[in-house]
Every structure is written in C-alpha cells, then in structure tokens.
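Pasting a structure here, questions to come.
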Amino acid sequence: MTERTERTERTVQAERKPQVQSTEAIAAFETAGPSAVSDCKGFEVKHLVKRYANADKPVLNDISFKVEHGTVLVVLGPSGSGKSTLLRTIAGLEPIQGGTISINEKVIDEGRPGTEKAGRSNRSSELRTRIGMVFQSYDLFPNKTVLGNITMAPLLVQKRGKAEVEAEALKLLERVGLADRKDAWPHELSGGQRQRVAICRALILHPEVLLLDEITAALDPEMVREVLDVVLELAKAGQTMLIVTHEMQFARAIADHVILLDGGHIVEESHDAHAFFAHPETERARQFLRTFEFE
Amino acid sequence: MTERTERTERTVQAERKPQVQSTEAIAAFETAGPSAVSDCKGFEVKHLVKRYANADKPVLNDISFKVEHGTVLVVLGPSGSGKSTLLRTIAGLEPIQGGTISINEKVIDEGRPGTEKAGRSNRSSELRTRIGMVFQSYDLFPNKTVLGNITMAPLLVQKRGKAEVEAEALKLLERVGLADRKDAWPHELSGGQRQRVAICRALILHPEVLLLDEITAALDPEMVREVLDVVLELAKAGQTMLIVTHEMQFARAIADHVILLDGGHIVEESHDAHAFFAHPETERARQFLRTFEFE
Amino acid sequence: MAFDWSFVQRYAPFFVNGTLMTVFISVFGILLAIAVGLVCAGVEIARVPVARQIVRAYIELSRNTPLLVQLYFLYFGLPKLGVVWSAETCAIVGLGFLGGSYMAEAMRGGLESVPKVQRETAYVLGLTPVQSITRVVLPQAISTAVPGLVANVIFLFKESSVVSAIALADVMYMAKDLIGMYYSTYESLFMLVVAYLVILLPISILGTWLERRFDYARR
Amino acid sequence: ACGPSAATPSDTASSDSGATSSSENAKARSLDDIKKSGKIKIAVFSDKAPFGYVDQDGKYQGYDIVFAERLAKDLGVEVEYTSVDPAARVDVLTSNKVDLVLANFTVTDERAEKVDFAKPYMKVALGVVSPEDAQITDVSQLDGKTLIIAKGTTAETWFEKNAPNVKLQKYDQYADAYNALLDGRGDAFSTDNTEVLAWAKANKGFKVGITHLGDDDTIAPAVQKGNKELLDFVNEEIVKLGEENFFHKDYEQTLEPVYGDEVNPDEIVVEGGKL
Amino acid sequence: MHGAEILLQPGVFPRLLQGLWVTVWIAGVSVGVSIPVGLLVGWLMTLRNPVVRAIMRVYLDFIRIMPQLALLFLAYYGFARWFDWNLDATGACVLVFILWGGAELGDLVRGALQSIPKVQYESSYVLGLSPWQTFSRVILPQAIRRLLPASVNLATRIVKTTSLAVLLDVVEVIKVGQQIIDANRFQYPTGTLWIYGAIFFMYFIVCWPLSIVARRLEKRWSHD
C-alpha cells in the first residue's frame, strides 16, 4: 500500500509533531479496528447521485472514488458543496438516486430514481454497524453515562457479553484519556471530551470505515487539538476513515487521499495529499486553499 | 510610527495576500476613523487587576501594555486565560479592582478593590462611544434593519443629523460589500454578513479604539475570510484595534504588537509580531503556537 | 370580625370528604387525559393521515372551550340524546377531554425537541426503530415534557373545582354549600383555601422534584 | 356606565362604599342614598318561574318582580335587578351587593340572624315532586334514595336536619336541579311547595307527592341587618298594599295561569303582613 | 333533530349574543388591564432586591395554586367585608382576572426579559445608549415579540375562565343560556342540549381565532 508508507515517511519527517502516539495506543486501537485485514478490501462509491426533494439539481452528481482499506480520505469543499450529504448517504441516512455504495466489493446501497422523499436506507442493523459516523454536534445520548453510551450498541445490536463489552469500552476510554470519566454524564463533559467519547462509541462496533463530519467545528482550539490527536492515532493504527474538515493543517497531516467537492462534482482528486496542498492542479483548488491563508 | 511602516513592508512582501484592498477602501474607512490623529496618542492599560466575585484568584493580575494610535494589538492565549475579560474591562463592561485604563493619557477607569460585585462601569455615553466593541455572538439588534442597527447610536447618542448619518452608514456598508442589504433584517443575513454589519455599527461612532473578540469563531471558513478581509483593510486605514483571535495566520498578518496571556499574566509580549510567530522566546509561547500546527 | 374556630372544627370533616372527591375526580381525569394525550401525540408524530386531522380538530375544540360548558354539555346535554352518564363519569370524561389536548401538546413538544441527530446516531449504531424510540427518543422526550406535564396536572386539579356545578361534592361544593346553609363565608373560604393548599402544594413540590429528576437532557 | 348591556349588576360600580362600618357587613345604603341614585338594587331569581324569571325578551317577570316594580314605583326610583342563586341571597346583602332581596326568601331563624326580614307577603311549606311512576308520598320513602335540592334553600336545611338518611344532590341553580330531575339523576326534588306545584303542572309525568312538609314558613323581603329605614319603608308598603289587595292581584296575574284552580290563593298569599 | 328550533325563537340568539358580549367585555377589560400590570410585575420580578422578589414569588405561587373559582369567591364576598371594598360581581371577576392575568403575564415578561441575551445589553452599553434607551429601543421591542404569542394564549384562557363568572351570578352567556332553558322548559324539553351546544361553539368562535393568531405569531417570529 503506497499510501501507508507515504504517511509513515511524512510522520518521520515532521519535526514539530507532538509525540503523543505510542505503540501501545496503536495496539489499543487495533483491537477496535476491523478484525480481518486484506489488501483487496476497501470502500467504494460509484456514480453516486443524490438529489433532495424539491431541489432543481442534484447535490451530488456522478461522484466516484475508492478508499483503500486502512487509508484516510479527506473530503474538502466550500460550504454547501455537499460534503455532509456525501457522508450521510454513505451512512445510509439519505436515500440515493443513482450509483452504488459498496464495502469490500459488496454493494450495500444502490441508487433508485424517485426516492427523493424516501426515508433512511433500510439496511440491516448488522450492516449499519460496519459503518461508523461521528457528527459535528455533540450527539451523545444525554440520558446515558459515558460508559452507557459506548456499550449500548454492542449490547443491544451485536448482543455481545456485558463484561467483555465494558472491558473493551474501558480500554478505548483509556486510549482517549477519559477512563476516569466513564461514569460521567454527557453534560458534565467538555465538547472535546464528548467528541472523544463519540469516537469510542463508534469504534467499539469495529466499523470497517469511520465517517467524521467536521467533528471539531464547534470546539475551542485546545479541544480541537485533543480530538484531532485521537484521530491521528486512529489513522496510524490503520482505521479506514472518511474525514470532512476545515482544519487544513490537520487535513494535510492525515490525508492519504484528498477530494475537493464543488457544485456537485469532484473538481480535484489527489492520491498524493502532500502535493495537493503544496501545488493544487486546478484553479478552483488553489482558490479554495487560499481562503485559509493570509499575507 | 515604526509599527505602521513595518506592516506596510510585510504587506508588500506577502505574495499570496488577496488584493482586495484599494486606496478607495482605505479612504472610506478613514472617514470612519478617529478624526484627530497625533503621534503621542494611544491607548494604555497599567497594572490592571480584575477579579470575579467568588473567585480565589484574579483573572487578570497586574497587566500593563500600551497600544499606539493607529496600530493593532493581537491578544493571544489559551481558553480561559482572560482574553475576553481583558477586552470587557476595557469596554467598561466589567468593574476593575486595580490599575488604570486610559485613552490619550486621560484615565477613563480606575481600579477599586471590593468592586467585584459591582455592575458595569458608569462611564458617560460619550466616553463609551470612543471605544467600540464587536462580540463573537451575532449581536445585532434583531428588531432593527441593517441600517437601523448602524444609525441608532449616532442618532440617539451623538445626536447627529439623520441624513448625514445615513449617508455615512451607506458608505460604510459599501466598504464591507453590503450596500444592497441595507434594508435587510439581521435574521436574513449570514453570520459573516452580520459580523460585517456589527463592525460598521461600531465604526460609525468613530471610536478611538476598536475591540474585536473572536469575531469569527462562530463562522464557516468562507465567512471567516470575508470578515477578516474587512478587518485587514481597517488596519491598513489606521484604525487602532485590540483583537482576540484563534486564526493564527490572520493574527500573524495583522498584528503590530502581540501579547500572550496565561494564568492572569502576560507571559510574552512582542513588538515584532513576525518574530514572535517565527521564534517565540518563551517555552509557553512555543507550546501555545504548536497547538495550531500538525505534523 | 369574629372568626368561628368551632365552625371550622365542626365542618372540617366535610372538607376532608370534599378533598377526597376532588382528588378522586382529578386523578382519574388526569390519567384519562394522559392516555388521550399519548394517543393524540402518537398520531401527530406518526402523521397518521386521517386520524391526524381528527386529532387536530379535537385539540382545537378542547383547548378553546371552557370546562364548565363541556361539563354542562355532557351532564345536561347528552341525556337529551339518550346518553345518561353519572356525574362522576361526566367529570372524569370532561377533565380527560380538556386535559387530553394539553397533555398531547406537551408530549408532542417533548418528542419534537429531541434533535434529529439523536435518531440518526441510533440508526448509524444499528439500533432497530423500536430500540431507537424506547432507548433514545422517549427518555429524552420525557425530560423535556415533564415541566409541561406537571403544569398540566396542577392546572387540571384546579379546573376540577368546576365539577361542583354538576352536584359532585368536591371541595368547592362543600364551601358553597356551607355558605348557603350557615352563611359563614369566611370560615368556609378559609377551609377552601387550606384544602387546595393541602392538595396542590405537595403536587407542586413533587413536580419540582420530578423536573430535577429528569433533568439530564438539558445541558 | 360603559359596561356590557346584558350584565344587570355591572353597570353601576360600587360608588357607595365610602364610609367604613365597624360591623361585619359592608355598609348598606340609606333610603336617601337610594332615592338620590334613582335606582334600587333588588336581588331576584332569574330562573324560578313563575316567581322570578326572565322571559323571551330578556325581561324579568314573576310574582316577586311585580312586587319589586311596585315598591320602586312608590319609592320613585327604577329597579336594578341582580340575578341570584338561592345560596347567595344572604351574602349579597351582607356584602351590600343589593339593597333588598325579593327572591322567594323563606324566613328562618338562621337567616334572621344575618339579615332583617320585613313582613311576609307569602307563606309556604316544602313540597316534594317526583316522577308519577315512582311517586314519593312520604319522607320515609326517601330513605337511601337521592333527593335533588337547590343549595341554600329551606329544603336543604330541613332535610339536612330531619332526614339524615336521604342522599342529597345539591345544585347551585334551579335550572340545573330541574334538569337533573328530568334526566332521572335523582328520585325526587324538594323545594317550596308553591314552586314544585307550579313545575309539576307544567311537566307531564311528574307529580307533587308531598305537598306539605315541615312547618308553614313565611316568605318576606329582606334587607341588610340594621337598615331600619328601608325595612320600615318596606313594612309600611306591605301594610298599605294589603289594603288594596295587591298580592291577590299579583297572584292572578302571575301565579294563577300556572296553578289554575287547583290551589286556593289564600293558602299562598299573605296580605298586609298578617298571617 | 327537533329541539333545535329553540335557537331560532325570537330573542334567543340575540340574547345569547348579548351574554357573549358580557363574556368578551369582561375578558377584554381584564386582558387590557393585565398588560400594564404584567409588564410591571415582570419588571419587578427581574429586580435583584430580595424582598421584592420574595413578594412576587408568593404572589405568583398563590395565584397559581388557588383555583380561579376560589379567588373569585374571595374577591366577591371576602373583599367587601374585610376591606369594605364593595365590588359587584363583574368587578370581582375583572379584579381576579387582572390579578391572575397580571401574575401569569408577569412571569411571561420575566421570561422574555431574561431570555434576551446579555450581549444585547452589552452592545447597547458599548454603543453609549442610556439605560432607558437600552430598555425602550432594544430590550422591550425584542421582549414583545417573544411575549405576544404566549399572551394571546393567555387571553384565550381568560376568555374561557370567564365561564366561572356565572357562579357569582354575573349574567353572561351561560347564565343567559340557563334563563332561556328555564323559560322554555315546557315548549322545548331538549333545549338544554341545543343551548349548551350553542354556547360551546360561541366560546370556540371567540377563542379559536386567538389561538390561530398566537400560532401564526409564534411561527413568524420563531427565527430570532
């Protein structure tokens, strides 16, 4: 896998990168990672079309890309370009009107026209647990403690044993530095802590792919840092992820693969993230990246 | 003024800086700027002490700095370090327990111990109009149109003529690109547009110093840009400002003078903003700046 | 002016009985109201086609007419159509009819206050629709709905004072009766005030406790 | 004065509450006050035909009303009627809502403690009306049964005292009580015999099984305790009217159409306050 | 259905309407006076003075816990004897509804005032507005928007509660109905059903538009 190697190189080069990661941490996350690893696996979207009811043109129009197993795709684009919509269709939260979504070459959702007003995709519970998602808003269940939030789905959906699930939950909490907060209520946590718990809640289901939609957009800078560090660790541990973010420095650090969305299309795609940020090929990408720079 | 010259130099050096500014824009803002300009003028804080009621130690402890007329001071610091508190005491929104705040060597607020529970400072209306402030939250008056928001204080407080005030308001709105939105209601505006109107509302009073407290923290990236461009223009036009921001690129571009707050003290101060961002002197500053960088 | 304590002592038992009647009518009326409210809120949230319009019409009718008139209609009006309900039944049905709409609105408010992202999260985590409702939505909805529900309960207890008009011997009935028979207006009014305080203060305190108990959803 | 037109009691505000009184009552208006204001406030029934009721046109009518009109005429003022429930008749006087009560007010000892009665103008006993097919002809038949009464009537007091085994179902208003009887919510209804006789005559299927219960009581106008001036005036009027046989005429005009010839007017009417 | 003709009898409908006018008049006057009272109470409730606060708390709680009917009795019979303040029945109703409306509205006003973000006061301060300018130009206009829908709802509750006035012998729509039922009980034995039915809908016709207005306002102003 070229992407993996490349990232490792970059990490070595990086001088100021804080050395929070440890082999132990990676190990902990690997427990949570997908159980069977194989090179040909991955996650793919082909000719995806998504149209909202009462809208004149599709939000996403013929979008195709592939995320290799163990790599990180960063989705960029201006506000309203459909980044959230893309992640939501992949998660099954929105019906699609064309194209396919597949995991490990197995199609899990197929577009059908005229489904604009349909509800969520009727995927099986099992299938849904294979795709994890964390939202921008702090979406923990306010009526459950931290531990309750994390263990709910494995207990109810995967019917796993309570002791085992709690042990794993604790291990994950330890990895994100929140083991001592396991009995806290969500409202007692800071935004950054909540997002880290939300990540644990998704990870405990061992999703093949994790979708993160601007999970730091509502956070204070310090909290942004503590959450992104967790995500960086996850990437190192080989978690396949699709990330939407406005933190360009972070995007540059974590991306194996970048797509830039605009007007319903992919306007630039790059498998060399470093090159993309340094010398974007299209004018649109240059213009987009300039938004984040002054002087 | 050395700072002014320095910034002009930097601006010239900057390659990628978008060239939105024009001499016309500067002229427009200069109309709104302080009417009498003199080299010895400025804004000064001496030995400021601010303590909240029921807190064991002061939030701000013996803070002193001076902002020369026509320059920009950027206040940095981790969350909770007292940046907002500093701006609020200067605006008169919080009583101070020690030290002085003065404009053009005239003391406008003097600390008195035991005033922790007192309300806002009882400055005269006139004095208050000499210090402008824009908050993070969109604080336009929802019951007034854009024009109504801007013209309210000059009409009510400064008792200026309606025709003149409206003409100036329109000129300001034009400068921030919102002349066509003058009759819109605040709820019809995007966050970025609201903040630009809020800036105009402060500018029309010709404040000697303008305080901006994370005015882009709640905005989408594109909107951040449109607001910060306005602030950059203002700086060029010679508006004295105190800015709190988490946008490091922007801070670096606009600052003449930087202070880093932590634990109630100024831990590092620099009149060479460029040098500060490139090679901070203290370990605390280095650590702080690292928060914003990845790799 | 003389306040006749012996009168109060003599007739206090009447007020105890009246209080029991008020509580009896109110409790069953409120239970009925909650049941009606649940059904209506369910129909509205689930957007059941025709039933939804019926529920809306019912809510408008019930909220915009006074209980006294509703009771008169049930008690004196319905017999003309050949339906004779006992006073107790009329009172309970009347309170249920009035309170049902108030309860429905409070419950609907609670359900709608649960952010969409909560249901989406439940979906993404693989929870079934039933699990999503029972484990995620309802516990949060209750939390938001409780203050409104408690206010409605107090409101309905108070409204029940109207049932004296259809010869139900509640607290209000006792007060008016004693005034009519013995003309001891102060003493009767005093006992009336005390009786309502005895009924409603504990409920008010219980309500505050409940609100705190279910407070977790508010940040 | 800008009050709504249908509200009889509302139009005049209580302008007469100036001086404070040391008694338990709000201070009553003197005869002079009444004359000066041009209006006498009289409490009557508005739903107790044929004694006091409101006709199709919204006008007060009945035996009590004819008397009230005459009193006012002789006093040289207009009448302002207040409609009352039986139970409110004492309170409207003690709290000075009205000057005079002419609402079929039976004289009892308890009431006499609270208000001052003038000379009587009618006499009654209690009667009990019940459905023809389940007639009640004796109080003992009511044991364990439900008797409908209106709150604040003499019937209520009598049954509370003398028939503890009768379940009483009490209504605020006569209209409600009659409706309850019609709907079969009780086994019988008791109030003044004049009243039930009149009602039974008009309602098929109902009969007055007990025509005389308890002592013969008198019905008299009442004023606030201590309002001697007004009391004296009313008493003089009653004596004077007795001379012209006024109440017999009143009877013919209002009660006879209802009672027909079943009742001897002398059993009901009292002239000149003399029993 | 026979019996319905009672509504067409001469005098019946106009009299019911007259009665309804009394109902509406009482409610209207009460609401009208409740507004200034509520504003004052609401403002008092936002004061920091502990004594004022405690008094307002007791006032609000008492009014909330006591059934309106009990309050009406207290005002009608109690006041005349205790304070020699002789109110007629209509006056007592209006007084009670004002006390009640003032308390409820006061609480709404307090809520509305407190829901105005602090930053609105601060912006006004920084712009140099005087406290009175801040209140009249910035805070009050915003508070009114938040207030209006709930106040209209309160008005419908007051209209409905006027039905209790009948128990103080006010000749409003219900009393008129009872008089008509009584006067016609020979000709129209089922008149009860029709008269109470008509009254039921009269209340509905008065209250329903108010409910609609409240909902519209709520929707229109929900964005800020």
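Labels for the chains are A, B, C, D and E, by order of writing; each one numbers its residues from 1.
Methods note: contacts are C-beta pairs under 8 Å (C-beta built on N, C-alpha and C of every residue); 3 or more make two chains touch, one makes a residue touch a chain.
Protein identities per chain, from UniProt: A, B = Glutamine ABC transporter ATP-binding protein; C = Polar amino acid ABC transporter permease; E = Amino acid ABC transporter permease.
These figures come from a predicted structure and were not determined experimentally.
Both chain A and chain B are touched by no common chain. The minimum number of touch steps linking chain B to chain E comes to 1. Distance from the chain C centre to the chain D centre is 38 Å, each centre being the mean of its Cα atoms. The distance from the centre of chain D to the centre of chain E, with each centre set as the mean of the Cα atoms, comes to 34 Å. Between chain C and chain E the centroid-to-centroid distance comes to 20 Å (mean Cα coordinates, whole Å).
Averaging Cα coordinates per chain places chain B and chain D 82 Å apart. Those residues of chain D in touch with two or more other chains are numbered 24, 85, 88, 91, 94, 172, 176, 179, 182. Among all residues of chain C, those that touch two or more other chains are 1, 76, 165, 176, 179, 185.
Across the assembly, chain B contributes no residue that touches 2 or more other chains.
Chain pairs that touch one another: A-B, A-C, B-E, C-D, C-E, D-E.
On chain E, the positions that touch chain C within their shared complex are 3, 61, 64-70, 73-74, 77-78, 81-82, 156, 160-164, 166-167, 174, 189-190, 192-193, 196-197, 199-200, 203-204, 207-208, 211.
Chain A makes touch with chain B in their complex at residues 10-11, 13-14, 16-18, 78-79, 220-223, 225, 228, 232, 246-247, 249-250, 252-254, 290-295.
The touching residues of chain E, when paired with chain D in their complex, are 9-12, 15, 18-19, 21-22, 24-26, 76-77, 80-81, 84-91, 167, 169-172, 175-176, 178-183, 185-186, 189, 192.
Within the complex formed with chain E, the chain C residues making contact are 1, 60-61, 63-70, 72-73, 76-78, 80-81, 154, 158-159, 161-162, 165, 172, 175-176, 179, 185-186, 189, 192-193, 196-197, 200-201, 204.
The residues of chain D lying in touch with chain C in their complex are 24, 85-88, 90-91, 94, 110-111, 113-114, 148, 151-152, 156-157, 160, 169-172, 176, 179-180, 182-185.
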